[in-house]
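This is the structure I want to talk about, given as structure tokens.
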Amino acid sequence: MFEKFKEWFTDRHDYAQAWKKRTGGKVLGYFCTYIPEELLIAADILPVRILGSHQAQDVTEPHIFGMFCPFCRDCLAQGLKGRYDYLNGIMIAQSCLHIRQTYNSWIKHIPQEFSYYLYMPHGVQTPHAYPYLRGELEVFKQALEKWIGRSISDKDIDRGIEVVNKNRQLMKKVYEYRKQENPPLTGLEAMYMVVSSQMVDKEEHNQALEEVLKELPNRKLERNTGTRLMILGSEDDDTEFVKMVETLDSTLVVDDHCTGTRYFWNEVEIQDDRLLAIAARYIDRPPCPSKDWPDRKRFPHILQLAKDYNVQGALVIQQKFCDPHELDMPALRQMLEENGIPTYFLEFDVTVPIGQFKTRVEAFLETFALPDLF
Amino acid sequence: MITIGIDFGAKNVKVVILNDDKIVARGSALTGFDLKIATKAASEMALKAAELKIEDIVHITETGIGQGSVDFAADSVSEVGANAKAGVKLLATARTIIDVGAEEARAVKCDETGSMEDFVVNERCAAGAGAFVEAMSRALEVELGQMGPMSLKATDAVPMNAQCTVFAESEVVSLIHNQTPKANIARAIHDAIAERVVSMVRRLGITEAVLLIGGLAYDVGFVDSMKRGLGVEVHVPEFPEYVSAYGAALVAQERVKK
Amino acid sequence: MTEMKYQTKPLDIWNEGKTLRQQYYENYAKAHERGGIRWAGGAWAYSAVPSGLGDDVWSLTGEPYGASVAFNKEFAARCQEAIEAKGFARDLCAYLRNYLGSVVLDEYVFGGEFPKPDFMWTTHICCSHAKWYQIASDLEGGVPFFCIDVSTGLTEDFNERRREYVVNQLLDGIDWLEKTTGRDYDDEKLIQAVYNECEATSLWAEICVLNKTIPAPLDEKTMYSLYVFGTLMKHRPEVVAFYRKLRDEVQDRVDNKIAAVGNEQRRVITDTQPPWGFLEVFRYLEKHGVVSVGSLYTFSLIGAWEVKKDGTWGPKTTPQRQGIDIKTRKQALEILADWTHARPEWQHFYSAHEKSDLMLRIVREWKVDGVMLHYNRGCEGLTLNIAENRLAFKEAGIPVLPFEGNMGDEREFDLERTKKAVDSFLELLGVK
Amino acid sequence: MKMSKEEFWRWPEYRHTVEGIDPTKGKVISGGVDIGSVSSKTVIMVDGEVFAQSVMRTGSSSPDSAERTMNWALENTGLTLKDVNYVVGTGYGRVNIPFAQKAITEIACHGRGANFMWGPTVRTVLDMGGQDCKAIRVDEKGKVQNFLMNDKCAAGTGRGMEVFADLLSVPIQEVGDRSLAVKEEPQSVSSTCVVFAKSEAVGLLRSGWSKDEVLAAYCQAMAHRVVDLLNRVGVEKEFVITGGIAKNIGIVKRVEKELGIQALKPDQWRGDPRFDPMLAGAAGAALFAKVLYERSQG
């Protein structure tokens, strides 16, 4: 039932090139999920999130200092190895320093027809962020129009908003099923679903979601749900790790990843000023920690997720050297543990040593699930 | 004119005696206990082989020593400086000389006269290249000399984390426990080091011809991994671990002529 | 080593600088005893703005405090272990760990307990900035904390709308300051602070320009202890006076050919904050007649620059010299925002080649032979794009030596390894 | 040209049978097999008392190592594998031990084993193995309350020590004592990671530091890394150290000094000097095996 998503996830490059041939449209690679997808769809562009390949590589050291996160180096390696040569353009919505460096090296060494650095504000808790981002989206829209050689009408934008909002609603409905005592889908399948949405045509993705929602009610998995876990932290599209965790008599029932709920949790609320509506959606969405100040808005949101999906424990992962998440980590773990949710911390690299991590996760599960042998 | 070059490696002290442009003797001793003893042992070994006495030596230059004690020799030269000088002597077309020892790895770019144009040293996360192979040979219960030949018999390339030797070690342990064939593990180990060394050389830029020196150049598996990683032919001179000492001896001659 | 070519003389103003710095840290610690108030924030905070609350308002800027902790190796190790025991990662900003460790230990590096600020006032441009004071606020029992988002891009992009975003936050900030401290805000004091800040930062650039001369009147390791006042209180009159006096003394050294390094034969520049242990490497370089004449970091972390009519880099013309008479609060904030967002040291947050071009300009105009890039594990903000900067120097044929270290956590600086790399670099410069 | 290579990294393997226990009289014979990244250990218990044990180097195949260490433990005890009612496997290679009925992680086993070896007052267990180190908090029954394992930069403690001993040509058993033979503690080398510490320490050797000072600097760096882990999990008395590195007095003393807490010595409670801290994991596994067997008999 989720094979389609897995296929899109695995053959992302083939899909994008086939889409180009089929539609004659432009494909735009992007970093970080604060980019306004609504406008790109309005311009008939296929937005494709650039992710790593989880393979050791030796091409990025001349460009990025080794102590920057493995994710930003892995992403740059894909560009330098020519795996994204089919992209017509590339953009970034400003968030953390590390991925910004990947964008800087990319535009310097891999020629692009179109490149754009969107000054997404960090001050998402000041009211002045709304008019500011609205202004930035206006400038971005003009740059898009110049690139595609036509204007983007309000009707186009409404269609863009409608398609992306629908995708968000449908994915949220699928996530609802994960609240059940024995969820009819695994954490791995959910990851394939959400991440594939970041790299394929949203209308096709919506159709696939509709079909899944038809079959989910009567789907029964021949596996023991076991311990209900939540997974939080930095960018994480490591399906190998998630697969391993769910072989240890446990299930990942919910997450707070930008490859998960943070990507689709809130919708654009329709209003006349379309750009302001889009700006508000990205300012009010569950924030990346680099923007979560002066107050920590993430924590009550995460606690609510943990309660709604009645989570028993939390795996808190982080890309090595990832400052935004490292800075939130102590307070986040304390908050969860004070609310009765034990946590275990893991540091990710470009490849994850499954042997060692299996021991750590298994031992974590033993602390509250081991039969009484004492 | 007879000069001596001394190279203080992490594991071994190497000595080369040069008569004009002919290497007359080589000597080596475990750095182990004490630098003075090790240097004396290595020099005596070389002098005996060349049937010479210390008095016959016109000038001694060392390399590999920090700015600390320079009391064995008249002066010192950096390893990359020595490698550049020796590299072009061993292979006239050599323009990139890569030196991988027990602890450190470095590379130098030079012109046809052997003068240095640029150099790189391994990043901290990539330290311990040579020692890593030895530690892993114990884990695989394979004799160190066999690690290279075995890795050439690999049937599959197992990718391994390239950023840190310690973590690569723990991944090897996982491969052992998943019964991955030894040949494939041996290759994964060599590829892991080669990736880090190639990563460093890319900072320098790869200008042919490439010469690989240092203790690990004996390991045919590592040389093969380096060829695949760099994508160019990799030349290995005779006695690769003596090249820095040979370079120091050459520099000693230049300094006397000046 | 190499023979002396120029006359050298220590700086007369040196001790005056030391006392000025001691006073700064004492003023903060004793603020309450003297009936004043105190705030903590980043060195890049709009430090001129809290001055409107009165003349008895003292600050403690985090990064220079982190550097002072790092200088005391034993105390720094205790701070780092204290904050790491609370679960904070070892690869976080070293200044942040030193500061927060000092708070957790409740020990002020200059003696006594850690003086708790009345409020926190900072800006956010690097990932650690806002979170630093969000965490400090928790650790110190909930100190009120206000932070302004200044991540608005390159100077050339700082248009009307982006400036309004910053100025609106500053205006909200002033209302917040009044509410938090219960004091009325005096726009006159703000205006005077803006004039001071513009003059002080322009003066520092003027001093750096004097280092274009051969021989260089100042060496970079001395400049570290001089530019620091710009990171403490660039809005204070004492700093303006100090920099005026320093400018005159350096001008005098130039006129009388007094060199920082008597045997100067090669000139280099560096980049990012140095590990304290690196001062020994500077001395080693000087033995070989190699002097560091500065860096984009020492020049423009606080210096204000503009391209002059003749196309070279010089001090930014102050509002005073442009004959601007600041009347209102909003006008003062707009001028301060334009002045602050023109800082060269902020460009690399958005573009790799902007910084490379700035550094190549310094190599040209300061007649530099080689560059030493500190791949600083303690500060990801300033090492952003550093590898691309290195490539730019290689393409321009300029010898460049990257070396690894950490400006605030000496456990990560291997002096022996660095000295060996420096030896090879000196061979490359044809000095050894 | 390679001189006869004395292997400085090799440590002594051994087996042992406890006198005065007759296994045939026992109701339950349970086994614990701990296949670590560097060493493989087996403990055979009769009704929860240690009867036989073996410690050896892990080979390149874990099922092999498991069989060899189990057979060596059983050697001339009169028992064969069939006589062992229940076996629990632990450690890296726990998943492919053919004759183990259940696999439990080394964290739970070291927690239980430490409780068995040093008694119910133990609250904090530091297990420093070949590849990873673990800081474990246990209750009075030895049940794990909370634990932390090293992050990447602190991995390779045991193996790192072997490589270091070999690099400096110092027999591994002597590293601890020699590292304490220094007049005063040298200035610490980087403790960010064992590889940095090693390359930095070797660099110091070449710039004139004495052998003992370099060993002291390395042990100190490793102790820092481990204390950092302990502080994060929070140390509560009584504190014990298990795993191979527990035998390196150079590390143990420095960890104790920095923590300000003394670790209970192995012989302090059981009065039996042969209770090797390396066997804590295998002992814990054998105790779990006994309970699991009794539970399976209903």
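Per-chain residue numbering starts at 1, and chain names A, B, C and D are given in the order in which the chains are listed.
The criterion applied here is as follows: a residue touches a chain if its C-beta (ideal position, glycine included) is under 8 Å from a C-beta of that chain, and two chains touch if they have at least 3 such contacts.
The structure presented is a predicted model; accordingly, all values stated were derived computationally and were not measured.
**Q** Taking each chain's centre as the mean of its Cα atoms, which chain lies farthest from subunit B?
**A** In terms of C-alpha centroids, the chain at the greatest distance from subunit B is A.
**Q** Given the two chain pairs A-B and B-C, which is bridged by the higher number of C-beta pairs in contact?
**A** Of A-B and B-C, more C-beta pairs in contact link A-B.
**Q** As a quick test, compute the distance in whole Å between the mean CA positions of subunit A and subunit B.
**A** 45
**Q** Using mean C-alpha positions as chain centres, tell me how far subunit A is from subunit D in Å, no decimals.
**A** Roughly 41 Å separates the two chain centres.
**Q** Round to the nearest whole Å and give the separation of the Cα centres of subunit B and subunit D.
**A** Distance between chain centres: 35 Å.
**Q** Can you list the residues of subunit A that touch 2 or more other chains?
**A** Each of 61-62, 67, 320, 349, 355-356 in subunit A touches at least two other chains.
**Q** Scan subunit D for residues touching two or more other chains and write them down.
**A** In subunit D, 92, 131-132, 152-153, 155, 192, 196, 199, 203, 206-207 touch at least two other chains.
**Q** Multi-chain contacts in subunit C: which residues touch at least two other chains?
**A** Where subunit C meets two or more other chains at a single residue, that happens at 87, 387, 390, 414, 416-417, 420.
**Q** For this assembly, give the contact graph shape among line, ring, star, complete and other.
**A** complete
**Q** Which residues, counting only subunit B, touch subunit C once they are in their complex?
**A** Going through subunit B, the ones touching subunit C are 66-67, 76-81, 116-119, 121, 123-124, 203, 205.
**Q** Quick check on the complex: what are the subunit B residues that touch subunit A?
**A** For subunit B paired with subunit A, touching residues are 123-126, 159-164, 167, 170-171, 173-174, 177-178, 192, 195-196, 198-200, 202-203, 229.
**Q** Help me check something: in the complex, which residues belonging to subunit D touch subunit C?
**A** 153, 188-192, 196, 199-200, 203-204, 206-207, 224, 227-228, 231-232
**Q** Provide the residue numbers of subunit A that touch subunit D in the complex, in ascending order.
**A** Its residues touching subunit D are 320, 342, 345, 347, 349, 355-356, 359-360, 362-364, 366-367, 370, 373-374.
**Q** Can you name the residues of subunit A that touch subunit C in the complex?
**A** 61-65, 67-68, 94, 96-98, 100-101, 104-105, 108, 117, 119, 121-123, 126, 128-129, 131-132, 135, 289-290, 293-294, 296, 320-321, 323-324, 326-331, 333
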